[in-house]
Amino acid sequence: MKTFIGIDLGSTTTKALILDEDLEMLGKGITNSRSNYATAAAVAKEEALTGARLELFRRGLGGELSSSAAETLMTDLELAIRLEQFLDQLEDLRKTCATQIAPGQDGVLEALDEIFRQIKTEAPDMFTRDARRKSDFFRDIAGSRVMQIGEAVAKQAGIAYDTLINLYDKSIIEVENRPPTSDMAQMFLRAIDRLTTAGSELGLDQSTARTVMQAALDIELEEASQVGTGYGRVTLPFPKDNIRSEILCHGLGAHMMYAGTRTVLDIGGQDTKSIQVDGEGIVENFQMNDRCAAGCGRYLGYIADEMNMGLHELGPLALKASKAVRINSTCTVFAGAELRDRLALGEKREDILGGLHRAIILRAMSIVSRSGGITDEFTFTGGVANNQAAVKELKALVKENYGDVTINIDPASIYTGALGAAAFARRALDS
Amino acid sequence: MDTWVKDMRKLNDIVDYCQTLYDDLNFTAARDWKAAKPGRHVIGYMPTYVPREIIHAAGMLPLGVLGGGDNLEVIHGDAYYQSYICRIPRSTIELAVTKRLNFVDGMLFPSTCDVIRNLSGIWKLLYPDVYSRYFDVPQNFTSAVGGTYYVQELRELAEGLEGISGTKITDEALNRSIDLYNKNRRLVNDVYNVRQVTPWKALSWEVYLLMRAGMVLPVEEHSQLMTDYLAAVQAEDRPKRDNCRVIVQGSFCEQPPLNLVKSIELAGCYIVDDDYMLVNRWLQDEVPTDGNPMENLADAFLNYSGETACKYVPEREDKGKFLIDAVRERRAEGVIFAAPSFCDPALLDRPMLSGALARENIPHISFKYAENSGQMQPIREQAGTFADTIKLWGEA
Amino acid sequence: MTLAAGIDLGTGAVKAVIFDVTDGKINWVSRHIEKIRQRDPHKLAREALDLAIKDAGAEIGDVGYIATTGEAESLDFSTGHFYSMTTHARGGIYLEPEARAVLDIGALHGRAILVDERGKVLGYRMTSQCASGSGQFVENIARYLGITWEEIGPLSLQADDPEKVSSICAVLAETDVINMVSRQISTPNILKGIHMSMAARLVKLLRAVKVTDATVLLTGGMASDIGLVAALNEAMAGQKVDVNSKSHPDSIYAGAIGAAIWGAYRHDKLTRLDELALAS
Amino acid sequence: MSNQTQITTPAASQEVIKDASMLKQKAMIADNYDKLTRAKELGLKVASTYVPGNLNELIMCFDMLNNLPEINAIQNGMRKKSGGMIMDAEKMGHSEDVCTYVKADIGNMAKGSIAPNGKPMPVPDLLLLSYTGCFTFLKWFELLRDQYGCETAMLHVPYTGDGIITDNMRDYVVKQLKEVLIPTLERVSGVKFDIDRLREYLRQSAKAEDDLVWVLKSAKNTPSPIDAYFGGVFYIGPIFTAFRGTPDAVEYYQLLRGEIEQRIAARMGPVTPDGDLGEEKYRLVVEGPPNWTSFREFWKMFYEEGAVVVASTYTKVGGVYDYDGFRHDPDNPLESLAEYCLGCYTNRNLPTRVDMIEQYLEDYQADGLLVNSIKSCNSFSAGQLMIMRTIEERTGKPAAFIETDLVDPRYFSPANVKNRLESYFQMIEQKRRAGGSARAA
């Protein structure tokens, strides 16, 4: 079947999305851009292809299962596959770390093995339905575990903590830049086997499942056309005609998600943009932040680092704020200093975080205002839309300033640009 | 008249009252004044100088609009200004579009710099039906040339105001207003003098708030408030700290956050003169209260107004003289240049002024702020080092 | 014996020293340094002080003056506070009597301080808002490149074709660096590029305080980064600034040292005043 | 970075724009710099003054040479020298935040004020501070006076805050001309003022101005034979600088007009550094000065995409001749000088600037407005977002906003500007395809 691929090479994350001929989504994938762009694109695409196979499998199931049972199966399947991939990469990381050990460092290898043994043991629990992960990226999940477990292990073994962490620091980039190598088909079949034996209450027998899966795997996915967008789009190995500005892609993507959208706000890692679109998803006006990266997604990243927290945890903590702390500077670099300033003044972490989220959204609201404000349906996209505290502040401020307008936030909003790009790829076929 | 003024004697009460006025981004005091009698009008003005006497003589309240400070959340203002422009115009716009200035019957934009100048145009585009005027002053200081031009500008301003009120501004009324403002200026100078002599009693941030009150109160009330303050502060017994004495320069337009004023003092510097709210002290001498008032006002402007970055200094030798004189008169030990970020007039003036100070061996430092600066640590550090140096190595 | 303690509470680390100042003779007794790393700085400051006092073989009651500097104005156990530039200037002169300027490069900002031979601050300049030339930034990049703090300097010295970092903002500079990695620029060349851009800013500070023809002592945490020191000297040579920049193994203590010495000075003065008062 | 291909000076770009008019301008500029740098030996006095509201005809009446610091800053910007000069000025204590023209000039002075011909510029005999349309001018000349210590004469040109030139304003300027400037010029130069000489120069000015306006209006053709921004800055050179009122300028504009007539006849587009423009895809109006340090790179982002600027406001800073038909007038010499000063683009209030741009969009059938916001220049930039917003509302045409600087290379971020321009062009294109605002054929 013909597929259309959109790739959004963002400053922090790289997203890939695959559409079929009817503009139905087949799969999507994401990875952090903090590495070689080409690799990032490849990794994201790989993940999107995995998703596509899953989607084809779901379609293949047809009426075999009740919709709720199918939903459960799909979720479990996805988690099982993620776990497999995680373990693969973990093993790769262990091996790479081991090669970095300088000669004569006694006991380091043993300590390392102990750390990885522990992570491996707890891994299955990280990929259960209600597990809370710090992040979706291998770098973040593995990193935080290595550090935490490493501290205890180092103490026990009498090795310097820094020694262990340095090994990790040196290896992670290498590992991250190696696209997954394992055989996808085998992985899928292994996972389906496991789930159908364990979950017999699904009412799906193993051989049917295997047949459907095999069929899904056999469908040939033809890459009819591919369009790139995002910050790094010029570095993509595509012809110029297959590259669209992220403004157009976000506009179209948001329009496809919510046809009534007239204003789109996108807060990404390094830029914030506000886009006005017409009823066809055509861009009428846009505004972006200036060269200063203040108040964008990376700001939250710095804060999370500073507080030793995962990005996913910031929002929930900020939601606990009980008092408004006014933060006026959104300079990313000084965010940490300001934070310490406030902590020293005795403010509570959650209150400061609340203030920081408000500061970001205030800045975004200014850009929205600059692009002409909000008249009708409003869609919030980009990675920061995943952050509940940011969303809360946004909703409040939109209401204060523009009254009761519809506010759309799709759980997959981070893929908006990639969706638009894929749609452009589909259009290219027609023209 | 207003009885509450008479009851107010305690220093704390006066300062609290000023703080309330300062914090009130809705200008309730001015709104109440306007609502108290039908037919009253309020005319807003921005820094640095407008002849408030004329507004007063028209029976109107001059309302100083000095930006939004550090408590206003600016959303729409940023939609009108790029990041490399100072803050005061954007927070002023924010005040306007959030309807906090909707009771103001006219706005004056003095010739302070191109930013305020262009803000006058934005106002005309946003509020075509509200009276607004770019208020120009001459940069030629001879009576025959600049004076003639200025008198006519003042007349045009008066005509504009008459258009709003529907009544003529008589010479008698204007002379009366000049008299009231003369008195107000005397009191302002008294407060500054008291602070100069006993800076540990009249704390700078209190004086600041007291002067800010003059931006929103009728002149009569403001004068009364200063009289009360002077009495209260003399009675106050406050510890004298081992601080050095400085003049703050460059803050004539966008205002520093109050915390900055406090931080300078905390870090060991008594402020013995400043250029905050220059409109209070722009005219350096009494304006005659008889004769042709327009000409008298023009004369005072040409001959007796202070030096600031918005005014041309015709002679090279005179540049910085005003500041050096102030250092001498106030017995200051140093100068702190504190200018708003992106403020062309203040920042372009600074090298010339600091050159003049250096020639006189007067220590000085400089930093920038924004009206909503939140981090005071770098400011304290610089002011503190300055104070340390003067204390550890000063002449004494 | 007059003992004076100096505590420099920075954004990156807490430094505490004990000095013995008797009859004008200045004697460094003990020291302690502790990286902050998301811990309560005030508690750390107290611990550092206690450890330094212990090393000095003394008790808290023996210390005549506890002087603080850095972000420690509100420490409750201090006798007095001096501001960073005052203390770095004095500490700088203590470590390098020839120095006529001190360049303090810490976790978040750089300061150039012009001093005279007695440690008096004659002028200074600080880096403003943007922070790409700071320790924090280098630390982040190092983490990203997968190298340790100690390796930065030596690696930077190996550069053969340094790549310039153009952005003024640390966030954008980070992206620059990411791009460099994907363009396969070698780690030494990236580091050297960063050092060069930092050096350029720092030289600008030095020129702004009008340092000419003098020895500059580097203080603060970054003083131990030999890559930066080399880049600085090159930049100065390139800009024909005739100064010689030096580092000192104890550079990171400069602020604490200055605080202790000024503390002892004030202690002396106050005691004399007290004696005068008693005598009268 | 390839330095070989950059345009160095308007004149030196002749390998690119080879027309006779270009050669003529090059010779004029070279000759002028030659005179300036030899002023002492030629026994000529020099007045430094600004482009907006410059009183070239009056200065000529006293046999004085006209030196323009802004033009020197531009020259240094185009030769990529301004960056270093600005940093020098900052090292001398000037703030990072202020206008970079001033700093480029001051940095240049510290280096001995070398003219483009490699020789040092003379210390001016007079600083003629015509304070028109920009407050920074006032500070700039105070700074220069501080350095040079030479005589300064100030002409205060009031701002037309209500969009009109009042009698009071005109009288004030005329009075200053009579009572301050002319006596000072007489004293400094030793030459007596002769009003008939002034009339003659003004007559020449008006002639050249007619042709200039014709040239600017030629952009109403489709395709436009000129680029009214990137090309425009060359076309306005003579009239904005030391040549207004000279026969050279008259001749230059006649030559230029002839060349453009030919282009129109041949239905040719504008000349670009890479030859004639191919297909004209987008017609734009631009507000704001250009970036000089990456002038060619910047221009390329336009012509590569087939974008032509058909009208610009920057080409009106040294005098607005097209919008309401102002000409220097020999019959009312001093009054017309006053009106000229009062009417320069940045001395007009924001509502008037909006009206002008709106009219350009319509008259020149442009697809939209592009604002190049200059970090340095409050006079231009403060309020541009409001201009943009109002234009969008009134015309329904799309506008875009980019941010650069005149002569500070640190504020030209090519990737950023290109990204916005590309998005803008794609947006216009997308709109057109959707059948919305089809372009007039």
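Here the chain labels run A, B, C and D in written order, and each chain numbers its own residues starting at 1.
Basically, a residue touches a chain if its C-beta (ideal position, glycine included) is under 8 Å from a C-beta of that chain, and two chains touch if they have at least 3 such contacts.
A quick note: this is a predicted structure, and the numbers were derived from the prediction, not measured.
The interface with the largest number of contacting C-beta pairs joins chains B-D. In terms of their C-alpha centroids, the spacing between subunit A and subunit C amounts to 40 Å. Between subunit B and subunit D, the centres computed from C-alpha atoms are 36 Å apart.
With centres taken as mean Cα positions, subunit B sits 52 Å from subunit A. Inter-chain centre distance (subunit C to subunit D, centres taken as mean C-alpha positions): 48 Å.
In subunit B, 79, 82, 368, 377 are the positions where the chain touches two or more neighbouring chains simultaneously.
The set of subunit C residues that touch two or more partner chains comprises 71, 128.
Along subunit A, residues 290-292, 334, 337, 370 each make contact with two or more other chains. Chain contacts here are complete: no pair of chains fails to touch. Interface residues of subunit D, counted against subunit C in their complex, comprise 87, 90-91, 93, 96, 410.
Considering their complex, residues 79-82, 84-85, 89, 109, 111, 113-115, 117-122, 124-126, 133-134, 136, 138-140, 142, 144-146, 148-149, 152-153, 156, 309-310, 312-314, 316, 319, 339, 341-345, 347-352, 354-355, 368 of subunit B touch subunit D. Residues of subunit C that touch subunit B in their complex: 71, 73, 81-86, 109, 120-121, 124, 126, 128, 262, 265.
Across the interface of their complex, subunit B is touched by residues 92-95, 97-99, 102, 131, 134-136, 138-140, 142-143, 145-146, 149, 152, 154, 156, 158-159, 161-162, 166, 168-169, 171-172, 175-176, 179-180, 349-351, 353-354, 373, 375, 378-379, 381-386, 389-390, 403 of subunit D. Residues 290, 292, 326-329, 334, 337-338, 341, 362-363, 365-367, 369-370, 397, 401 of subunit A are the ones that touch subunit B when the two sit in their complex.
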